[in-house]
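For reference, the structure I am asking about is given below.
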Amino acid sequence: MKNTFGNAFQVTIFGESHGDAIGIIIDGLPAGIALDFAFIQQQIKKRQPKEKISTKRHEDDAIEIVSGFFENHTTGSPLCILIKNNQHNSKDYEALRYLLRPSHADYSAHIKYNGYQDFRGGGHFSGRITAPLVVAGAIALQILKSYGIQIATHILQCYDIEDESFASDEESLQKQIQSINNHTLPVVKEETAQKIMQCIQEKAQQLNSVGGIVESIILGVPAGLGEPFFDSLESTLSHLLFSIPSIKGVEFGLGFAFANKTGKEVNDCFYYKQGIKTKTNHNGGINGGISNGMPIHIKAVVKPTASIFQKQETVNIKTKENTILEIKGRHDPSILPRVCVVVDSVLAIGILDAYMQYAMYQQLSKK
Amino acid sequence: MKNTFGNAFQVTIFGESHGDAIGIIIDGLPAGIALDFAFIQQQIKKRQPKEKISTKRHEDDAIEIVSGFFENHTTGSPLCILIKNNQHNSKDYEALRYLLRPSHADYSAHIKYNGYQDFRGGGHFSGRITAPLVVAGAIALQILKSYGIQIATHILQCYDIEDESFASDEESLQKQIQSINNHTLPVVKEETAQKIMQCIQEKAQQLNSVGGIVESIILGVPAGLGEPFFDSLESTLSHLLFSIPSIKGVEFGLGFAFANKTGKEVNDCFYYKQGIKTKTNHNGGINGGISNGMPIHIKAVVKPTASIFQKQETVNIKTKENTILEIKGRHDPSILPRVCVVVDSVLAIGILDAYMQYAMYQQLSKK
Amino acid sequence: MKNTFGNAFQVTIFGESHGDAIGIIIDGLPAGIALDFAFIQQQIKKRQPKEKISTKRHEDDAIEIVSGFFENHTTGSPLCILIKNNQHNSKDYEALRYLLRPSHADYSAHIKYNGYQDFRGGGHFSGRITAPLVVAGAIALQILKSYGIQIATHILQCYDIEDESFASDEESLQKQIQSINNHTLPVVKEETAQKIMQCIQEKAQQLNSVGGIVESIILGVPAGLGEPFFDSLESTLSHLLFSIPSIKGVEFGLGFAFANKTGKEVNDCFYYKQGIKTKTNHNGGINGGISNGMPIHIKAVVKPTASIFQKQETVNIKTKENTILEIKGRHDPSILPRVCVVVDSVLAIGILDAYMQYAMYQQLSKK
Amino acid sequence: MKNTFGNAFQVTIFGESHGDAIGIIIDGLPAGIALDFAFIQQQIKKRQPKEKISTKRHEDDAIEIVSGFFENHTTGSPLCILIKNNQHNSKDYEALRYLLRPSHADYSAHIKYNGYQDFRGGGHFSGRITAPLVVAGAIALQILKSYGIQIATHILQCYDIEDESFASDEESLQKQIQSINNHTLPVVKEETAQKIMQCIQEKAQQLNSVGGIVESIILGVPAGLGEPFFDSLESTLSHLLFSIPSIKGVEFGLGFAFANKTGKEVNDCFYYKQGIKTKTNHNGGINGGISNGMPIHIKAVVKPTASIFQKQETVNIKTKENTILEIKGRHDPSILPRVCVVVDSVLAIGILDAYMQYAMYQQLSKK
């Protein structure tokens, strides 16, 4: 624990990759929402292995609604969604049971749970646990869409290959978002997709893996979301992003590029033209932890997949001997292509939770 | 709201810069702790304006314990601490009341609170609100010290000036931490302090401000802290860091430098030598959201102070007219020198909260 | 929502009586606990319909562990347990869909959820939702037993029939608890069981239902549990008890009998004899919201089952017409025989959650 | 801890009776509310000692707003309110420091906090801590009034004296509420006030104390408040009520009188007449944990004041010797006259918190 997140739109996650199923509870869904299952399937598909650059394991990811849904609408009661796991050959893992995989949760989880954790396939630490998050995210995205809010994420960088950054004007942004949805990989330019595919395949052949950066944009968020001091929008969104395995850095707006800038260079001056806007958006749509009506702009770094097929030095936790580990099985040499939809999903969960709290105070404040 | 953070060690913050006082409630302090007031004062002092490069406003920051402390020990009941504000001349602010300061919370807070927010000096969004956090952090640091845990933060970069990075070996680290505490500014090398002073003074003369990067290290954390899925140690620490005004990016270990690396280059291989350790620490002491016993290594970027004295374009929120703003008063051209102790403080709060939960499960798991 | 309860031992409940399954997530279980499935089954059986005085519907209540359990031990990750629902004939309910059943949640839920709630069999408001609580309670009871804590509940009163009250001495109490477990119904004296069976059958024949009182005792709780001000032990235990459908009153120790007493009559004087105890236990083991080491003594009143087969006046919520309702189907004329194990379960959940917090502070306070 | 309560309207309480001040933080107040200070003062006055039947100690209870209030309106930031304590003679308590007062928190708190608790005057367990609750309650009541919600509490029983119960029709109820506000004590009939005064004085002369029952009514609550399963309205209101020192039982509607009733006798049949109502209100306005639009009807029992001036047997916790205790100082022989406003206050806090969540879901559900 702690596997529950959110104040108004609250999700509780459970499951291990080699158990019967993984799943999620959503508590706090308004009643009467007709779920868009085609959209949910589309999002799930985005998270599934990509041809040529992913593990070949087949994942159905068929969802099963256990509760909270009746006559094609949400009921207001907790929505429980299960995704069955396929049968896995757990023997693969038994052989390496006591060999700590470098940069994995193996060691820290072993200590935390006194050796009782389900070690097969990463257990509760497996990337697979993000599949139900995508389902919850799809539902959140559907609701946000009805409020005019849109979220998109693409691979900005994969190893040494870079995609086009998000534009600063709405029209270009909309075109970019369309491209991301239509290309082979979630990138703005199709040629980047091809280069990234090639890069990942190359590293895979070298029994290696690569990292990269994903870039997100959230459009249509009204000014006023975020609950500082502690629940600043940056705080809650980063909280969610850092729960995604492999994410090791998060920045808003200019982020780390603020370091060698002056205030004069980066302050976002206000102007009035059919509403109050800022001329630039270096702060990435958030001031004082509260959305300011400009696009919310986020970047997150994804470390190279920890599972590589080269021999690595490690320790046998049982015998305490130094030894050599050779990981078998199927592992993506980069999760970048599949992580974008997960990032969209947690951002949607965070923004909807903030929106619901914002809506409550707006309503009561007017009285 | 939300001004409360933590599960076991829970803090609630309140106050505005121009009200009577600001303060904090700590709920969840174990009973029987003899507070080290000299240390608290020392920490408060670190946050106070630095000669030559800060605003000249005098801040006493004398703390007043309202509750939860008796016969020189914590009682187990909520500890409430107040810090009185000095008398401010609020008229300074009245003139600019409706002029939105660029990159400040003025606009987003105005919308969120329907114009009722206390606008003077940033109100609840003032950096001053971090003073009681430093007090709570000092208490957390004192308790963590008794568990063998140590936290240090220095200015790694200020505009184009860079300090020495934290070393990878314990001995060098301890020397660096000593240096940080003894120098004019929180930096490893005294010459960096001089350069940074000069840089900040220069920008101040240009009525400008600068950003930078702070680097933190947490030593002595046992393996096992962090409560994934959602309360991964990265999630809770970043949540706290992003609540500090001006912080726009957070990274752990290599952070954004993971982007163009391969798994082979950055995986942290385990070895056994009087305990299990990793040869490198690219993951910054956290695997799977749980501490792994290695030093926890964090960087955060601080944007240039939004308040600059040059003329800036903006909007009058009352008249909706585009206009020119000229900020008066006292504002630090860079908060880097003062923010380090705030970073130490929120990290201490987050680590102690995680430690208390870890201690609980360790104890019960053994039964 | 809100379907999550607890700080350290946290449960999240989901499901409707006519959906595929109901279930519960337990987050915060220490790792390494070997679940006692025979005991869980035994507890589930206690909640199942009793011959002659219950609905005849067959409930398997076979439990399915979805996650958090591996190699016969808890893993420290969330434990998800499902209980499949049998196939129900939902047409039964369609006919009465818009007729509000008196004293049921029909109307208040209709308004709250804008008519989208699952109305079949009470949906999320069905007593059936307490089945997974019994599973979680069984696990909590098993853990508490290892700490020397014991919980028992019996029917103290059913309509005009009264059982023997809990004794004040440990030895008699232990005998009473054994009796409760061995008798036809959860009562201290077998003759009461016979009378209650007769009473319930009689009322059933009259197409009516009856209420009553249950009495609980918690033995072996150390002094120090409870987190006042707001999480007094009375607060958290009553919070849980009042979430059980049909419970309309809760009292501790003398409870409402305190009303016409004087302090002299009811103060519990302390004495020392191999530890500090009180001569009487009018306060029911709790002083100032914190356990005092004496048995925790609670009574709760259960209203007569709202579903009765006599004709009742009501309103058609669709047409807004006054009309007559005649409920069909299977409904217990009294839930007293089945509710005792549910009461035991929520008390176990509450006590374990308090115990874990108590254990954490005890451990840290000693440092 | 835990001294924070609420999801949307969140209060955090702190302070001890012999510290400098006690106080409360309210987080989640909508911005722009002009506080009615005359009403706050009026409520505070209701909690102050009553002539002849109370301790003579003078309590100013002047409130001091530390934050969250500006230009006569709430700002949306946390409202911190302090109430200074008068100078107390703490030496009174030193003499009895190690003598456990029967039925007080002395022993349980001593164990919980390892002897470090502030023992003077009950410390954090003092009834005085309810004073800031009354301030928060007054603010909640003011807001609820603007939504058409009204709360009233009277002494229904004091020892063997009984007041008139709340009527079932709105018109009579309004007259009763007026009476309660105008009489010498919070009772419906002035003659009851006289009898209760006499009873309390009599018991006081006998160095004794008395218990009783308070009855509350909440009018104007729309159908739909309450968040089952766990946050049923009965759960959250009882949670708050049981945090008030001395309350040992809570019931809704018929409460314990349901025990010997049949469903036929007590089911509340619906009828339509300018809206859907129930003919009777045995369920006290709550069905399935959700308000049904009828008046919410609650009773709570208050145990006799534990502090009596007769000699009592007890234990010296330091020496572990059995001994005799003779309490000195000032203690109300009954808190009934003063507790009614505290009950009103916590009910207001609970209802407002539920209302805000209800308002949020209502708003979003309509989209």
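Observations on the structure shown:
When the chains are written out, they are named A, B, C and D in that same order, and each has its own residue count from 1.
The working rule: contacts are C-beta pairs under 8 Å (C-beta built on N, C-alpha and C of every residue); 3 or more make two chains touch, one makes a residue touch a chain.
Remember, it's a predicted structure, so these values are computed and weren't measured experimentally.
Of all chains, the one whose mean C-alpha position sits at the greatest distance from that of chain C is B.
For chain pairs B-C and B-D, the one joined by more C-beta pairs in contact is B-D.
The distance from the centre of chain B to the centre of chain D, each centre being the mean of the chain's C-alpha atoms, comes to 39 Å. Rounded to whole angstrom, the centroid-to-centroid distance between chain C and chain D, based on C-alpha atoms, equals 26 Å.
Taking each chain's centre as the average of its CA atoms, chain B and chain C sit 46 Å apart. Taken residue by residue, chain C touches two or more other chains at 1-4, 7, 13, 28, 31-32, 76, 109, 112-114, 124, 361, 365, whereas all remaining positions touch fewer. Taken in their complex, chain A has these residues touching chain D: 7-8, 28, 30-32, 76, 146-147, 356-357, 359-361, 363-365, 367.
In the complex of the two chains, the chain D residues touching chain B come out as 1-4, 10, 12-16, 19-23, 25, 27-28, 31-32, 64, 66-68, 70-71, 73-80, 82, 109, 112-118, 123-124.
Chain B makes touch with chain A in their complex at residues 1-5, 7, 13, 100, 102-109, 111-114, 124-125, 129, 157, 159-160, 203, 208-213, 222-224, 226-232, 234-236, 238-240, 242-243, 245, 247-256, 258-272, 276, 278-279, 282-284, 286-293, 301-308, 310, 312-315, 317, 320-322, 333, 358, 361, 365-366.
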